[in-house]
Amino acid sequence: MSARLVPPGARELPALTELRHEVRAFLAEQVEAGAFVPHVDTWLTRWDRDFTRELGRRGWLGMVVPTDYGGQGRTYLERFVITEELLVVGAPVAAHWIAERQIGPSLLRYGTEEQKQAFLPGISRGEIVFGIGMSEPDSGSDLASVRTRAERVEGGWRLTGTKVWTSGAHEADAFFALARSAPLDPAHRHEGLSQFIVDLRAPGVTIRPIISMGGDHHFNEVHLDGVLIPDDRVLGEVGQGWAQVTSELAYERSGPERVLSTFQLLAAAAQAMDDGRLPTDPGLGRHVARVAALHHMSFAVSTALEAHQDADTAAAVVKVLGTTEEGDIADYVDTLTASGWAIHDELDTLLHAAILQRPGFTLRGGTNEILRGVIARGLGMR
Amino acid sequence: MSARLVPPGARELPALTELRHEVRAFLAEQVEAGAFVPHVDTWLTRWDRDFTRELGRRGWLGMVVPTDYGGQGRTYLERFVITEELLVVGAPVAAHWIAERQIGPSLLRYGTEEQKQAFLPGISRGEIVFGIGMSEPDSGSDLASVRTRAERVEGGWRLTGTKVWTSGAHEADAFFALARSAPLDPAHRHEGLSQFIVDLRAPGVTIRPIISMGGDHHFNEVHLDGVLIPDDRVLGEVGQGWAQVTSELAYERSGPERVLSTFQLLAAAAQAMDDGRLPTDPGLGRHVARVAALHHMSFAVSTALEAHQDADTAAAVVKVLGTTEEGDIADYVDTLTASGWAIHDELDTLLHAAILQRPGFTLRGGTNEILRGVIARGLGMR
Amino acid sequence: MTDRSQTSQPSEPTEPSELAAATTPDPDLVAVLDDLFIDYRATRATPTAVVDLDRDLWQRLEELGLTRLTGSEAAGGSGGGWVDAAALLGLAAAAAAPVPLAEHDVLGGWLLESAGLPNDGGIRTVCRPDPSGVALNVTWARDASRIVALWEDRDQWRVADVPTSRVAVEERRNLAGEPCDTVEFDLDDLEAGTVVPHEIGEQFHLRGALARCAQVTGAMERIVEVVLAHVRERQQFGRPIGRFQAVQHLVADLASETALARTATDAAVARAAASDWHDPGMLFAVGVAKSCVGHAASVVVRGSHQALGAIGTTLEHELHTLTKPILARRSEYGSLQDWDETLTALAASAGHDRLWTLITTGRAKPAKETHA
Amino acid sequence: MTDRSQTSQPSEPTEPSELAAATTPDPDLVAVLDDLFIDYRATRATPTAVVDLDRDLWQRLEELGLTRLTGSEAAGGSGGGWVDAAALLGLAAAAAAPVPLAEHDVLGGWLLESAGLPNDGGIRTVCRPDPSGVALNVTWARDASRIVALWEDRDQWRVADVPTSRVAVEERRNLAGEPCDTVEFDLDDLEAGTVVPHEIGEQFHLRGALARCAQVTGAMERIVEVVLAHVRERQQFGRPIGRFQAVQHLVADLASETALARTATDAAVARAAASDWHDPGMLFAVGVAKSCVGHAASVVVRGSHQALGAIGTTLEHELHTLTKPILARRSEYGSLQDWDETLTALAASAGHDRLWTLITTGRAKPAKETHA
């Protein structure tokens, strides 16, 4: 059989299903109690520190953080089912998303013992909220072109530059910033970059909102004006920033949030067809099938990551297919709906939000164009 | 308003509609009389010299050839409606297709008086049948890489090389061959090419069939082994072959044969939905709408060509959209049909033929990849 | 083979001008509009999430006679036809101009003239209230001085020109942030409307759908310009992103879909103009436009946002002022699915032997059946 | 927020092996199959338009016990499960091997065992004749010694093992050029069949559909290899075409669709294997596979022919020996549209609150309703 792009599938066993049901029951209670209103793309758009802390209390944060650092010491697979259940119900999970997905794992891999002790317990309780500072105004897909400078000073570094698209920076406590700590060598563009843990309350940090096309404020521009970063807040090795930020991409790209951002809309459309408010159409079945298959594919990648297998290409496949699909769901439902067919309807609200969020799906975390290149490389074409 | 990719539309006036109805009535009679069985992609797959001669007798060939050369001296618009009517009914038009579309116009533009007198009357009567010899085994989309050599000899040229994908060469009288008449200069790859009118019965010409994936013989490999071409069978200017072959591309790319190759299948599917043999599905309406719009677009390009306006980019748009659409119709109908749902059915026959022909739609006459590049150039991106 | 040789050979060649007629808008009008909207774009404020009617722009349009472009000159209009009106709607949409040209002039003005009702100035919008007098998604209702209602009352169509002060307006906004209100009429006002022929009631949906096509197509053409400017300027990996083959193909595809939408819209507009909407093929022609425009919208909205990247998702960027209205309007006067179903029904009814006739004439059945 | 803190914290961490089970075929079997089919591909004749059963290959498969891979050992089979059977079907399809493995073993052999009928060797195919005893599109009928018929007779399902000599075979071929005959049974032979539980009748369609998914997916995986080899080797404009970004993206897309089809097929196979087809979610699982595989087929067939250019449309090239069977098989055991409609009905019936349950368990309704 040919070399596969994606690891072989795996069946979920009862121990995992039990956890799934436990989370599902909790979330159903929460919806019932009105603790949150299900929405789309909530891992970016719905920020609720109380809800996040409640997840922490239940032991559903810091899933892969060892218990020594206040985490749960459990598996990527268990984190996977919790993540899926939170996303499908459209729960307000933005506050802990970045920390749970990538800050925790990065700290575990590259952080000092002191850094781990300082941040991981708070992350696992849902009390320390992190953002991520990678993109810059001119960098776009070309991350190695970041211009934020880190200058060596007594006892640390001074960071100067501008990060953009920093989701939740106005609410977060800290972020990881990628900066150039040595001058650019055009022949080795990926060298001379480093990661820094930046306190977003520190002097020299200015946070300005970037308002999205629908009028919402999720993103920010973070100006760093000579912000002092003490040596103990360098993450990992100076000069190894590129290797550090790219090593965790498979975790970032293969998760259920690349498939399920519009699941609430799909579910509402299924209901509307059952109620006769939308015409019955085979397109619904096609989309449900793709979401189901992507659920299996995303899980298969998780089992590979749990087994410490390389899954960079597979993660790119999940992200290209999944983000295209979650966006296509928005467009599909839009083609079925006629203006004036209903009002004050849940479907309308979800549809408009999905349309407004959709452009970001295939851009954030690596554009589909970049990722197709990653897949082509995985196929040996580059 | 922005610079348009495609010329403004035009309405067909009664004089043209009258011609359309005249052709349509003739074709309905022919089908009724069993003179041909409607099929798909007939401009490649259905060869009938009797039918072609009958069109010649009716004054429907050599439409843009002046009456001095035995043609009709009419317009591209009149040729357009005849072409459409022949294609939609799936008439056997392959024998005259190449001559009517591109050999006649090229002779008119580049031929000597003697060549015009020698070929155009026979073409207009449907008695002289032409092929075209452009592609070679290694050339593909990179036409300037042709290796067929033309060597200067006493009184003419000797051609040596191999042409492939020459449709109908085994039935045709002659073809135009593009050959390298001066050594390749890598800095000026488009120079040193010339066009020759090759008698396919001449000594040194060997024609071998290339059997298609369905088992049919439409294409050939034509070996030229030192074939002598007298000076009076050089077309146009020695060394100007590239300019000559590319100058007529808009005529080749914008015609209704880039939209209507599977029209008989679409019509059969409409009938099957009406009869309840296929499920009623909005996809049919979507495809009918696209075909209707492409009919207008192709006509708009014809009006521009009639007015001697540049339409290379517009023709590329017609070809990309049209050939994609005519292929998508095949796939669409295939997704609706279940094996075993019917037998001995016209739809089945048309569907299988359409599927087998489809791969060629977006390859022949310039691949969609090449043509998207042409469009991008037309948009100022290259 | 039958043997009727040479019968079709004409003695005189036909001139191209007798074969086909171009249908392009008045070039003077287009020049005026180009100037007007270039100036408008250059001077307008930064985009906002909530879009309100621009009364200054409306006044300039009024001064130029453009707010009653299609009104008969007898009734104080400019006597323009659908070809000119479609150009105006397209260019206004390309400028994301928040003015109710379609509602006030092309639909409302036409209804008033059809009913023989006076048009005494002010800003109008238009709607089709349900039997209980409620109309959903009425664009610009809160800003109108009067609302032209087309109402089906016991199998009769009536047109009523109701002052907005006499209706209840529940304020809502559409995806584009524009006023898109729920309006509740007093049934007495609707019952007092003027009876109009059934044809008016049937045409209203088609005219509304085609007006939306003209707007969406105009906006898509502007998007092509915005995308081209961006990909020429934006650098990534050391060169303009427009140099990447993937970007070239993305842009070629969205520009091609826009061209197809333009062709389909223009064909329907030309047919409407040539027959003053009496051509029995108008349902098919408008359906073809609505389908092609609607499917193009999916490709163009998606592709343009992909080409522009994150910057195109920000409130301050022009792009969303075009993409959001495109999607809002493609769902008006029938969803894309509704229109594809209508076309499917027409095509199935035409069947194998008349599908091509349907495509070339818009008629699924022979003329005599159409009249039956 | 409710206040049940810490309740879900386990005292002992769970091992990954208790959480998820991989479902991969027997590696020894895969090694045997790889060798067999690599050898087969290397030595077979040039492709032809008409494809006939390869009796030499069948004999080799028989000698290896692969023609009765899923038969119980008691009945002379190899006792293989669906995971192994799907691997065999996929690899045979990747080699375009003209042998009735699905019909003879996976479907026919299963029906015979379910009916308690003897399986005495020979080659079998399988079909579902209509009430009048006619079955359309019976693959390999002319080559079979017996035909296993599943027949619904007055609300009872019967299985009959009928010698081909007793049926009328009208020879036809499918898109792939394979025998795909019309078979007419003597009703007496069908009426003499053994009554089997209703469950068998219902499962037959699902098993047939999933067998086709395994074949199509295997063929698509081979296509990815063929395409990759071509784009590395074929030069245009002075470099391998695989260096062009447009080609890279084309190939990335078709390889990704193939991966999704593989995932969906494997998930359904794993569910079937784990429950011996008794899981009530099998209809959904098979539907997901059939839908994903069917839509992938559109992308893969189109993209592979586009990548290979004209050479890929010739009879002598391997490509069409894969693309034609893919399309022939995706229409068997229900069209793509049929299956999408089935999934739509399941999804609508699940509704908002149970759509996710449907996706994770295959059940649209709570367990008690499913049993009702």
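We just call them A, B, C and D in the order they show up, numbering each chain from 1.
In this section, a residue touches a chain if its C-beta (ideal position, glycine included) is under 8 Å from a C-beta of that chain, and two chains touch if they have at least 3 such contacts.
Just so it is clear, the model here is predicted, and its values are computed rather than measured.
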Chain D and chain B - chains in contact with each: C
Which of A-C and A-D has more C-beta pairs touching across its chains: A-D
Mean-CA-position distance for chain D and chain C (Å): 48
Mean-CA-position distance for chain B and chain A (Å): 51
Chain centre separation (chain A, chain C; CA means) in Å: 40
Interchain centroid distance [CA atoms averaged], chain A/chain D, Å: 36
Chain A: positions in contact with at least two other chains: 281-282, 369, 372
Multi-chain contact sites of chain C, meaning residues that touch two or more partners: 244-247, 249, 337, 341
Graph class of chain-chain contacts, one of line, ring, star, complete, other: other
Chain-to-chain touches, reported pairwise for every pair that qualifies: A-C, A-D, B-C, B-D, C-D
Chain D - residues contacting chain A, complex: 1-2, 4-10, 13-14, 16, 18-24, 30, 34, 87, 90-91, 94, 218, 221-222, 224-225, 228, 231-232, 242-243, 245, 247-249, 251-253, 255-264, 266-267, 270-271, 274, 284, 287-289, 291-292, 295, 337, 339-353, 355-356, 358-360
Residues of chain A touching chain C in the complex: 135, 138, 140-142, 164-165, 210-215, 279, 281, 327, 331, 334-343, 352, 355-356, 358-360, 362-364, 367-369, 372
Complex interface listing, chain A residues touching chain D: 1-2, 4-6, 8-13, 15-16, 19-20, 22, 26, 29-30, 33, 35, 50-51, 54, 57-60, 72-75, 77-78, 88-89, 263, 266-268, 270-271, 273-274, 280-286, 288-297, 299-300, 303, 306-307, 314, 317, 320-321, 369, 372-373, 375-376, 379-382
Footprint of chain A on chain C - complex, ascending: 48-50, 135-137, 172, 174-175, 177, 180, 182, 234-237, 244, 246-247, 294, 298, 301-302, 305-306, 309-310, 312-317, 319-320, 324, 327-328, 330-332, 334-338, 341
Of chain D, residues touching chain C in the complex: 244-246, 249
